[in-house]
Every structure is written in C-alpha cells, then in structure tokens.
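What follows is chain A paired twice: with chain B in the first complex and chain C in the second.
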Partner chain A sequence: MWRYALKRFFWFIPTLFAVTIIGFVLLANAPGDPVNSLVLSSNSGGSMQSIKDLEIQKKYWSKQLGLDLPLFYFSVQRLSEPDTLYKITDEAQLKKLKADLKINGGFKNYIPKITWYGFHNQYHRWLFGGNNSNGIVRGDFGMSISKKEPVIVILKDKLIWSLTFSILSILLAYVISIPIGIRMAKDPESRFSKISQFVLFLLYSMPSFFMGVLLLMLFANPDVLSVFPPSGIKPIEGYDDQSSLFTKICDSLPYMILPLICYTYASLAFISRLTATSITEQLGLDYIKTAKAKGLSEKTILWKHALKNSALPLITVFSSVFPGVVGGSVIIESIFTIPGMGLETVRAIISHDYPVVIAVITLSSVLTIFSYLLADILYAWVDPRIRTY
Partner chain B sequence: MKLKQTYITFNDILSKNRIMRRCIKVFFAFIVIAILAPVLANDRPLICKYKGEWLFPVFSSKNLIFIGSESINYNMAKGWKTLETEFSFFPPCAYSPNSIDADNAPRKSPFDSQTMTLKNGEMKALPYKFRHWLGTTQNGNDVLSCLVHGTKISLSVGIFSMLIASLLGIVFGASAGYFQNNTLKIGVFQIIFLILVTFFNYFLCFIIRADKLSEGFQSGGIWLIYQVMFTIYLVIQNTVIFLWLGKWIDKKFNIDHKINFPIDTIVMRLIEILNSIPTLLLIIAMSAITKPSFSLLIVIIGFLSWTGIARITRAEYMKAKQLDYVTSCKAIGLGYYRIIARHILPNVLPVILVQVVFGLAGAVLIEASLSFIGVGVPLDIITWGSLLNEARDHFSAWWLVVFPGLCVFTLIFVYNKIAVEISKIK
Partner chain C sequence: MKPVLYFLSVLLIALSSSCKKTQSNVLVVHLMSEPEDMHPTNGASAVRAEINLYTNLSLLRVNYKTGELLPCLVKALPVVSLDGLNYNYELKNNMTWDDGTPITARDILFTAKASKCLYTNNPGFKPYWENILDIEEDPNDIRKFTVIMKRPYILNTWFWTDFPILQEAFYDKSKTLSKYKNAQLTDSVFLQTKPDVKKWADEFNSSKYSTDPQFMNGGGPYKITKWDKGVSITLEKKKDHWSGNCKNDWYCQANPDKIILKLNSNNASALLELKNGLIDVSTVIDYASFSELSKDENFKKNYLLKLADTYNYTYVAMNMKPDGQKHKKLFTDPDVRKAMAMLTPYEQINKTLYENHNKRVIGPISPNKPDFNTALSPIAFDVEAAKDILDEAGWTDTDNDNIRDKMVDGEKVKMEFNINFIKGSKVWEDLGKQLSESMGKAGIYAMLNPLDYNGFFGAATGHDFDMIIGAWQSSAPPEDFSQLWHSSSWTNHGLNFTGFGTPQSDALIDSINTCINEPKRIELSKRFQQLVYDEQPYIFMFTQTRRVIVSKKWDNLEIYTEYPGVLLNTLKLKD
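Up next is the complex of A and B:
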C-alpha cells in the first residue's frame, strides 16, 4: 500500500513542476514593473532625489527581487542576440536594444540559439529560494504589491475559509445524494426516483451565480424574507474573545447556510446519479442474490453490500468535484462576500496585484493535484487489486 | 451480405425522441435570435417614410444622409423615436443594447409606468411599440435588447471554443487511443528531428512571431484568431516537414532501428496537468495580463477544455481497436490515418458528441460567470451575466435577476438535455 502511494506521488512530481512553470510564465509576463512601483512607493514621503540615486535604488531593488537573473534554466534566442540580455531590467531600454539588434541581425535573426544558464535563475529562485527568497516550496510567494505584506500571510486565513467551505460542501453533497441515489436504484420506476431525477437535473443546469442571487433575493431581502444575513461570514462586530469554538460556529452558522447550498446543489445530481447507476449494476450480480437467499434485509443489502462495492466511482467523483469547487469559489465567494481565496483573487485582479493572483493559481492547482493523489490512494485502499499496477 | 449500419445518424436521433426534438428546436431558436439580433432589437426603424422618401435605417451602413436641407444622423439613438415620420415600422424591441434611455433610468420595472420626452420637452406615456417589455437597467439600457444581443455572445463563445476543443481533443484522443504506448514506432532520425522541431517551433512562436502574437492579444477580435491560427498552421507545417525529412534520412541510410513513441503516456500527462489548473482562475489571471476580449476567451476555453473530449475519444478508440472491422481494415492494408479518420471516427462520433455538447454548456457557464463577476471580459459589452451582476446591489430589481438568469439557465439546460438524450441512444 505505502509503496503504491509513494509511486503515485513520484508520478505526480512532473505535474507539479509543470503547474509551477505555468504559474511562473504568467508571473513573468505580468505587465508593469514591480521595481518601479517599489521605488516610487519608498520615495513617496521623501525629498527630491537625483536621477542617479533612483538608478542606484532601482538596481538595488531588482537585485533584491532577483530580476537581474536569467529567467529560466536555459533560453532560446535569436543568434543575433547576446546571451547576457537578461541583465537589462528596464523594459523600454530592452525593447529598444532588441529592435536595434534585429535591424543589424540579418539572417542571424531567424536562427535559434540555446543558452544554458545553470541553476542561478529566476524560476529556480522563485521555486526553491535563493537570495532573499525562501521559494514557494517553503511558502514564500513574494510580497503583495497593493498590501505590502507577504502573500502567504494574506492567503493563510483566506485559505482556511475556502477549504472549510469546499470540504463541508463536498461532505454535504455525499451525505445528501447517496441516500437519494440508493433510493433511486431500489426502484427506478417509482415516482420518487422520476421526480428527484428531474429536479436534480434542473438543479444541475442551474448556474451557481443565478442560484446565489436568487437565494439572496428571496431569503436575505427585507422586502421578501429576511431570514439570513446577506453577506459576510461572521457578525459585523466580530466574535467575542472569550467565546469557545462552538459558540463561534453557532454565530457563523446563519451566514454559512446560503453559501453552502450554493456550493452543494450542483454536485448533487452528479453524485446521486452515479450512485444509482453503480448500485443498479451491482444489484444484478450474484453475491446480491446470495445475500437475498441468506435472508438479509433489503436495507442491509443496499447499504452494506451494494454500497461498499460501488464505492469506486464515488471516489473518482471526489477528484472531479474538488476542482469545480475551487474554481466555483470565485463566483460564490464574491456573491456572498466570503473572505476566501476567490474573493481575494477578484480583489487582486482589480488592483493589479499579480503575486497574489499567481499564488492563488499555483496553490489551487497544487491542491487539485493533491486531491487527485488522494483519490488515487483511496482507490487503492478500497480496491486492493489496483495496487498491483 | 448486406452489412447493417452500425453508427447512428442525426436523423435517427431526432426521429425517436420527442424531448430531444424540442430541445433542438429551442437551440435553433437561440441561433435564429442570435443571427437576427440586429433586426429584432435595434433603435433604428426597419422601414420609415420621411418627407416622402422611404428609408431602411437598420440595413443601411451609412452614418449620415441628406433629405432636402436636413441631415439625418443614423446613429441617433432616441432621435428616431421622436422623428416626425409619415410612416415608421420599428423592430419588435425598439432599442439597441448600448442605447441609453435616460427617461426610464434607473431601473424601471416591466410593470412601471414608462415615459418618454418629446422634442418639445413634453412628457408622455411610452407607447406600446417603444415599451421596455422586460424593464431597464441602472443606466437605462433596455433589458430585452441586451438579452437578444447577449445571445450572440453566449452562443458564439460556446460554439467556437468547442470547435477548437473538439479538434484538439479528437486528434490527441484518437492518436493516444489508437496507438497507445507500443504501436507508434518512429525512426531514430525522426525522433531527433522531432526534438529539433519542438525547439524550432518554440523559437518560432515565442521569439519570431512574439511581436505579432502580442499585438493580436492586445487588439483581440478577428486579428487575434487570425494570428493564433496562422501560428498553429506554421507549427504544423514545420512539424510535418521535419518529420518527413527525418523519415527520408532514415530511409536513405537504411536505419531500421525504431523507437517506441509513448504517445498515450504523453497525452495523459498533458491532460492531467491541464485538468489540475482551475480554468476560471487561469482565465481571470490571463485577463489581468492581456486586454480582455471575447476572442481571447474563446481561445483560452478552447485550449483548456479539450481534455474531457480527448479522454472519451481515447477510451472509445481503445474499445474500437479490438473490434473486427478495424482488424479487417488492417488486413486489407489500409494506412492508420485512413482507419482512424474514415473508419473508426464515424462510429465513435455520437459518444464524442455527448462530451462536446456538455462542453458547450460548460463554456457558456464560464462566459456568463466571468461576465457576472466582471473580470476577464470586456466591460463595455452587456451580456447575460453582466445584467445579473447589476441586480446584486439592488434586489428589488427582480427583472434583472430573473430574465437573464432564465436565459443562461435555459441555454445550459438545453445543452445538457441534448447531451443526456444523445448518450441514452446506443
């Protein structure tokens, strides 16, 4: 079992690398010059400074941020360009230089050249740390541009809320839809299964933002029904300092109900349908007949024997529901103003805070990969035959 | 012996299923609305007679015409309604999505009394032909008109992105499923040339054509799609030339040694990587880097959502490979391209179609969600999602929630239902 888990983990390492490369490419292409914004903000209160001073400061900051390093382990360039072009950090200057080189390049413009830079580069620094950076493997995603705080500090609380919601909603979806699925499998022609199938399909086609706004309009609207608070996640005045965890949860509960409905309803149809089909498949098999012949009650057969054997597809669903929940959190969190990663992403996009955006993307991709890994290992745990692969 | 037709045609699907027929009808209704949008909702009249001259303002591309001594500006939004024409016939919804009716702003409900100001400054109840049947928005845009024009965007984002996705998905999935890991054998020089061409293609895309591509990403629209398509064409052309060159060298020097090309593993890895990136987040991040546009959205959704199609295609090809007709195809000596494209593809197409139609629903959902949060899409174009967004702060404006929401819901429902009904036929 452990050998299998370890093997799966090693298979996932290239995927992890690929995901970080995508994040890094996005970060490297982000518009605006982080050095400029840092220099300007540190100068905002100071006196007039000479241009030479500014140059020195810029050089200092680009060294601090590692921007004077080559971008990647190797680079593919035109033959006409020198391989130390990365040392120029000023964008306008670089553009001009490149245009000049292109004019004088002639046929050399169209011949590729590969240069190897070694491990002293921006990607390596970003990933594993280096001068002045701990690297994202140790949780250092750099500084937020707009909040002037380490990104990981900002995201830490947000991550907890987002994970709470996604895990709760997945659990809730399983708890609600497995009984429905079993009942649908028990008698596929019954009125209950027909109606629930139709309703679940309607819910499945419902966009989450429409559902969210409708729920808010109906249940958090002083004109109609004001049962739930419209936004936020805890009372405006905050929790009492002395209150226990339980009272905190009770305080937050009314705030959580509408978002949880929004997170959960879409996956209900999927899971219950899957439960129904896989249990129906199982019910035709011989061991069910044996169980019936032994005189076991229908309840035991369905809940114990059939459900256990149809657990495999249900586990697969977990790995396909999780990414949906992570992506969907952007929408639902911005409807209900839940202070999670999704809302933070929207805020960061609007204020052009790229390190935060990239951190969110990388973190949620890595989380998704780990959910795949978890599903794989659970799979092997439930069905020992898989371990032999 | 006459062979029984093994694959399902479109007519078979339609003739058996009533629900399916209805859904297809609704889908075509959406398409007709999208195509006829300028005629259905426009603030210019379809036909009008002004000072003895017949005009067809909707169909005219001119901006200014002269009748006698008077000049008529075709772009006047409200002017057409107060113009004293002898005869005028307006579209069913007499507003364009971007025309602002200040008299009925902010947010007039469909049942409110709506007014209009005449040329002499007099206030008058809005006549039925100019009525805002589904209310107005904060700025005074007509909701019905926005919905009609939004259909075009929702449909085209789904359809074009799925065209890209199904092309990629079928090519990758079919080659992974048919060849798997041990069938595709490539000569030594072909492998060397493949590695070379990968570098060369990278050089081509990101260095030589970088300026053109970034220009395309900045301007968006047809230009972006043209640049992307042209780059893809160049990449494919290079790859084919290099592979052919490698094959030629292999033949010339009589190198018989062949290496396994594990295409199945490569494709499955790629799928795993793409699946683990949340699409919505990636689009949001991309939009922060480039100027948001719908063509960019189409390209990104297309390049991210082929994985589902590829998985299904791969599974179907793996199944089909075992069947007798493929064996007999091989026995006759048909080439793999012919077997993959001409013999297996028609048989597995309905199954792939299910995934494509589900993908359509997903693409529509992504577009609407992005418009809803107002990130990653151009903000000056009003779509279904952005109408819903306006209702977020004003829950009393129920018409801004219900109508656009129902539109998105109906389109997604129709797509999902069609997909489910196709998957039932086997």
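Up next is the complex of A and C:
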C-alpha cells in the first residue's frame, strides 16, 4: 500500500512543476500591464502628471517588480528579433518595435531562434527567490502588487473562511446525502424516494445566485422573516478581544447558516442521487443475495457491504470537489459578503495582481494533486485489486 | 414531529436575537469596497481618501459648503509671492500628535520628502509632488515655512488637500531623510550611493504601515483601531484630541464615538441590511435599490433618503485619430461626432438605467462648478437630424445593406465599430445596448465589446478602440485639463484617449494651468469648454448622482457635492 502511495506521489512532482510554468506563462502574457496599473492614478481631475516623470517611474517600478528580466530560462523567437527585447516593458513600444522588425526581417522572420538566459529570469526569481523574496519553494509567494502586502498574509485570512465553508459543506453534504441515498435505494417506489427525487432534482437545477438571493429574501428580510443576518460572517463590531474559539463560533453561527446552505445544497442533491444509483446497482448483485441468504440484517447489508462497494464514485466526486476549497465561490461570497478566496482571486485577476493569482493557481494545483493522491489511496483501500495496476 | 418543530422554533428565536444592532453613538456605514491599503502615502483608493478625512489632517481642506479652500493645520491660506512661486504658511498653535509632541514645519518637510523620494512606493502620486522645488523652514519659528514651487500652477495650494501630513518622529525615527535635500531624494544616481535611504524606504513601504492599525498614525480626531479584512474597518474617537478646541470647522468634529465602515458589495443584501436597521449611512447603494427603498413607507419612517449631485460624469469617447488600418477613420469629422451625440437616447437611458435621477452634462466641467459655461446647450436626441448630418458628411448607404459607408482614402469604409466598456457593469452594458440600438436606426452598426479593466485601459491609452464608455471622477478644485485633453497626453499614451488637441487648445490649457487670477481662469476655462463643445470628442452623458440614505437616529446631516457627500464625523446621535 505504501509503495503504491509513494509511486503515485512521485508522479505528481513533475505535474506540479508543469502547472506552475503554464500558470506563470499564461499570466505573464495576459493583456494589461501591472506597472501601468501601479503608476497611473485613476483620478482624473486636478493632476499635473508630467509624462517624463511617468516614464521614469514606470522604468523604476518595472525594475523593482523584476519585469525587466527575461520571462523564463529561455525564449523562442524569430531570428530577426534581438534577444534583449524583454528589456522593453512598455507594451505599446514593444508591439511597434516587433512590427518594425518583422517588416525589415525578410527571410529571418521564418527562422526560429532559441535564446538561453540562464537563471536570472522572472520565473526563477519567483520560484527560488531574489530581490526581497525567498521564492515559493520557501513558502514565499512574494508581495501583492496592488495591496503591497505579502501574498501569504492576504491569502491566509481568506483561506480560513473558504476552508471553513468548503469543508463544512463537504462534510454536511456527505453526512446528509448518504443516508438519503441509501433510503432511496432501499425502496425506490416509496413516497419518500419519489418526493426526495423531485426535491433533489429541483435543488440540483437551481443556480447558486438564485438560491442565495432567495434565502436572503426569505430569512433575512423584515418584510417576510428576519431570522438571519443578511451579510457578513461575524457581528458588526467584531468578536470581543477576550473571546474563546467556542464563543467566536457561536457568534458567527447565525451568519454562517444561509451561506452554508448555499454552499451545500447542490452537492447534497448530486451525492444523494449518486449514492442511490450506486447502491441500487449493488443491491441487484449476487453477493447481496448471498448476504441475505446468510441471514445478515438489512442494515448490515446496506451500510457495510453495499455502501463500501459503491464508494468508488463517491470518492471520485470527493476528489473533484475538494480542490475547490481553495478557489472558494465568487457568487456566494459576493452575495453574503464572505471574505473568501473566490472574491480575492477575482480581484487579483482584474487588477493584474499576478503574484496573488499564481499563488492561488499553485495552491489549487497542490490541493488537486493531493486530492487525486488521496483518492488513489482510498480507491486502493476500498478495492484492493486496484493496487495491482 | 412536534419536538422537531419545537427545536426549530427555539433555534430561530435564538438566531434572530443574533442580528444585534450596534450600541448607541456608534455609526455604521455601508462600504461597497474596502481600501487596498491605508498607507499614508502609498494607497490610491477613494475609500482610503475618505477615511483619511477623519484620521489625518492636511495643511488645507475643502470647505464642503462653498467648494473653496479651508485652512486646516495652517492659520490662513498662504501668502503667495507675486511670481506665484513662493507660498508662505504658518501652522496653528497648540496642535499636537497623539504622543503630545507639537506638529511643526519639520513634519511638513518630512511629508514632502517622503512623498517625493524615489524609493517610496507611491508612483501614481509622485507627479503631484513634482512641482515642489523645496520647502524652507523658518529658522526662528518652528511653525512657519515657505513652499517653493517650480512653476505657477492653479493647484499649487489645492494639491495639499489630498495629502495627509506625516509625523517625522513616527515614520523616520532615525531622521534619515532630514540628511538629504528634496532634489537628492529624486536623483536615482545619487540614491544608489545611499543605502540608508533604501533602508528607510523599505521600512516605510512595508505592509505594517498599510494594514496594521497599530502602525497607523495621523493627526485627525479618529484612529483606526480595527481592520477586519473583507468585513469592516473601525474608527474610534481619540480621547483629549487637540481639535476639541475648534469645533466650528468640520475636520475637528468627532461626534460619533465609533464609526464602523461595514463592507457589503452586494446590493441585494445591503438593501436588507438597511431594512433591518443594521446600517446607519449609505451613499453607495445602486439606483434600483434606492428607488425600491424610497417607495417603502415603513423604511422612510426610520431613514432619510436624498439624491445629491457629484462632480463625476459618464461619457462615450470616440477615437478622433485612428490608425486607419485596424480602426477606420469613422470619427475624424466633428459633424459625425455631433451626429453620434444626437443619436444618444439620453432620456431613455436616464429613465431605464438611472431611474431618472441623473442630470445631463454638456462638457468636461460639472454644472456645480463656478467655471461651468452656461452658454452651451445640451445636444438633444434627434435621429432624423443626425441622419441628415451623416448624409451631408458623405456617410450614405451606397450598397443597400442598411449600413452607411463612405470612400475614405480611396477605400470603402463601413460605419461599423466596437463599443468598448469594462465588463461586469450591467449598467454600462445596458447603456451600450441602448446606444447601439439607437445608432442602428441611423444605419450604424455598433457592437458591444466588454473588456476587463486592464484590457480596457490598455486599449484606451493605446488608442486601440473606436468608441468607449467610461466615467471620470472629479472634485471641487479647479480643473487641470492637461491630463484628459492635452495633445501630449495622447502622444504619450496618457488619459487623452480620443486624440483631442490642437496647438490652440494646448496653449489654452497651459494658460489655464498657470493662471492664478481666478476670474481670468474662469473665463479661459469657459473658452476651453466651448472648444470641446465644438469638437465633441465625447458624447457627454450624465453627472452621477449620489444616493444618500441616513438613519433618522442621526442628526446634523448636511449633504455635499464633493466626495464623500456626507461627513460622517459631523453626524450627531439624536437625544
């Protein structure tokens, strides 16, 4: 078992490396210029922005952010282009220069050239550190461009709330949906099964923004029923300084119920249907008949034998849902004003805050890889035949 | 079944008690977005500027009632030399920092040096300080100083209103910057030999001054005591603040004991928070929610709802100098641009998107400013007249495909283009749709092109667009037109997106910027507005209206055109 797990683990290292490179390159080539966003103030009125000064500032901050370095260890370009093009950080200038070079390039435009830049490049700096950064291998994702704060500090706060909601919702979804699924599978023609099927179908087809607003309008609205607070995750004045963790949880509980319902309902509906279908399949198999013939109780047959053998699809679902805990949910976080990862990621993408975006991509990749690894191990545990593959 | 129902009832009652309203004399204010950071020099958001109104003090402030300058840390407005370059200030007596030390000219000098220093992470604001040549302290009086400017400029005094004064002893304990002159701190070659300045800057730029309330220090009557990221920011009134002696000026007042700025970026839940009485003040809720609340009689018993003007305006910009290749020469003729303005269904847009709350603008100056040119009349929506203008300009449908065309530089060009706007804004998308539909009636094919902020901004400054929908924020100070309208700002990919500008208009802008005689400046400004009106580089749309909602628990409410519209520190809890 351990050998199998170790083998799977080593396969994931190159995958992670590839993911970081793809994420980095995609983002570096995304439209927009972080230096422009940093340098140009959005205020329009009453400025005496001198263009010369602006250019000096742009150059200075390009250097500070390491954007004047080559992107990667090597580049592939036309033979007509010089290998120092990376030094031009102004997008418009670069575009114009490339067009001019192409016009004058002749046959050289069609011959590719590989240039080696060595370790002094943006990706290497991001990975191993340099210029005030320790690199992600040492857990340092650098500084946020727009917030000017260490990325890890920004994400830590957001991650706590996203993890809390996601893990609770996954737990709730499994804890509620498995018994519902088993009961539906036990007697598919019962009234409970028919009603459950209808309700679950309805829930599954409801988009989360609709459900979120519906919950608010029903349970946080003084015109209908004002039971839960409409937004936030804690009392307006925050927690008392001396509060214990238990008190904090109690304070936050009313704020968490509506978002938690919103986080959970869709996966609850899906997992219930999946459990019911898998167990129904198992109940028709010979080993169940044998178990019944041996006189085992219905409970033992369903919970011990049928459930274990129908667990593979449930594990697959888990492995696909679990990485989402890092991503959060933009819609739910926006409706209920939850300071989670979803909104932070969108903010970072919009403001071209690439250190934050890359950190999210990397964390998501690590978690995806971890959940696949966990799923592989669980598969092997549930079905020992898998270990031999 | 009964126990379950009983349990649920008890749970609901218990939970409903959790929707606690705040204690008395605590003002809860609705925030749509939180500031990126609260660094004294390095932040840029509007919310940060609003918070600074209460936690920091500047040399001068805006008089919100009159829109004029108001002395804040100084005794009076500066005495200006005849050449308009030297500004003599004198600080008020008895002003102290939180540690009891006096506010002196040294702190003003430090503020300028910290802001100008090349290593300080405030690139967007450096140009505002660029015009300061030096600040000279009076050797005989720690409260007197002279600000020496490089050139006369209309904002030489106004610019101080935007920047908080920093305490040297707090931000530069080892007095590093005092060893260097202003000019040395902006000289990159000189600074390379001064590691102590780099060390100071690394410390000064560090995130603790941006995010940790313990390291937020200002001269204002409030202090940030808690910043719960993504949730709220709490300001608490300082005890025994020196400003207690000058209650007549707005910046000295501190009526609520606590101001909690509560984040809620979702209009639906913000509306419910207001209905639940959980928010005392909102100036940022959307038009639809404002209209819904203004029809709710129950809500109006507890809240006051008012619409207020702002200096901000929305516009549709046209590319006047396209490359002719990727972007065809569609809007090079002022008559065509005027026809576009005539094809804009202003009333319909105002009614359907802004609940009829917004007012038309005619040019780049708000009707609320003294230099607004009243002689100009708004261009009316008139499809037939627009069609005639387009016909006369040579844009006709020669091939009967329902799209106008014209031979331009020997090539047949169709009147079809993209309208760029920042995606995510439903209002702008709907505005674009209505514009496109209306233009379609005149044989013009306009497609909507939503872009993310960076894509939009990059295309606009790179002149890679045909038409864009945007908005500008403005404020009470006299307008410097160079950023949006000077031709150098187009050449250098600044905020002059359209390509507007002639030697005549550039000269006029330069004259306005250096004119410190107010009546003369107003006259020049009106002439400039006439130039813009004749050229119509923008379809000038509406001033944006602020939706002010304030709980009737609070008294002493005054609403202003200048941002933020309501001064929170002046609100008083009713007895």
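The rule is simple: the second predicted complex is superposed on the first by the 308 of 389 C-alpha atoms of A that agree within 3 Å, B and C clash if a C-alpha of one lies under 4 Å from a C-alpha of the other, contacts with A are read in each partner's own complex, and residues count from 1 in each chain.
Keep this in mind: contacts are C-beta pairs under 8 Å (C-beta built on N, C-alpha and C of every residue); 3 or more make two chains touch, one makes a residue touch a chain.
Quick caveat, the model's predicted, so the values are computed rather than measured.
Student: Regarding the shared-chain residue A:Ile257, is it in contact with chain B (first), chain C (second), both, or neither?
Tutor: It touches chain C, and chain B stays clear.
Student: Scan A:Met206 for contacts with chain B and chain C and give back first, second, both or neither.
Tutor: First partner only, chain B.
Student: Of chain B and chain C, which one touches more of chain A's residues?
Tutor: Comparing touch counts on chain A for chain B and chain C gives C.
Student: In the superposed arrangement, which partner chain does A:Leu268 touch: chain B (first), chain C (second), both, or neither?
Tutor: Neither partner.
Student: I'd like to know which partner A:Ala92 touches here: chain B for first, chain C for second, both or neither.
Tutor: second
Student: Using the touch definition from the top, say if A:Ile288 reaches chain B (first), chain C (second), both or neither.
Tutor: So A:Ile288 meets neither chain B nor chain C here.
Student: Per the contact definition in the header, classify A:Leu67: touching chain B only (first), chain C only (second), both, or neither.
Tutor: neither
Student: In the superposed arrangement, does A:Asn221 touch chain B (first), chain C (second), both or neither?
Tutor: Both partners, chain B and chain C.
Student: Which partner chains sit in contact with A:Pro229 here, chain B, chain C, both or neither? Use first/second/both/neither.
Tutor: Second partner only.
Student: On the A-aligned overlay, A:Ile350 touches which partner chain: chain B = first, chain C = second, or both, or neither?
Tutor: The answer is both, since A:Ile350 touches chain B and chain C.
Student: Which chain A residues are contacted by chain C in one complex and by chain B in the other?
Tutor: 30-31, 213, 216-217, 220-221, 223, 334-335, 349-350, 352
Student: Using the touch definition up top, name the residues of chain B that touch chain A in the complex.
Tutor: 199-200, 202-203, 206-208, 269, 272-273, 275-282, 284-289, 361, 365, 368-369, 372-373, 375, 385, 388, 391-392, 395-396, 398, 401, 405, 408-409, 412-413, 416-417, 420
Student: Touching residues of chain A toward chain B in the complex: what are they?
Tutor: 14-15, 18-19, 22, 26, 29-31, 76-78, 109-110, 112, 114, 201-202, 204-210, 213-214, 216-217, 220-221, 223, 323, 326-328, 330-331, 334-335, 345-346, 349-350, 352, 354, 357-358, 360-361, 364-365, 368-369, 372
Student: Of all residues in chain C, which touch chain A in the complex?
Tutor: Within the complex, chain C contacts chain A at residues 12, 15-16, 18-20, 22-23, 26, 28, 36-37, 39, 42, 44, 118, 121, 123-128, 130-131, 153, 155, 158-159, 188, 202, 205, 207, 210-211, 226, 228-232, 234, 260, 262-266, 268-270, 272-273, 275-276, 278, 311, 452-455, 457-458, 461-462, 472-475, 477-480, 482-484, 488-489, 492-495, 513.
Student: Show which residues of chain A lie in contact with chain C when the two form their complex.
Tutor: The touching residues are 30-33, 36-51, 53-58, 60-61, 91-92, 132, 143, 146-150, 153-154, 157-158, 213, 216-217, 220-223, 226-238, 251, 253-255, 257, 334-340, 343-344, 349-352.
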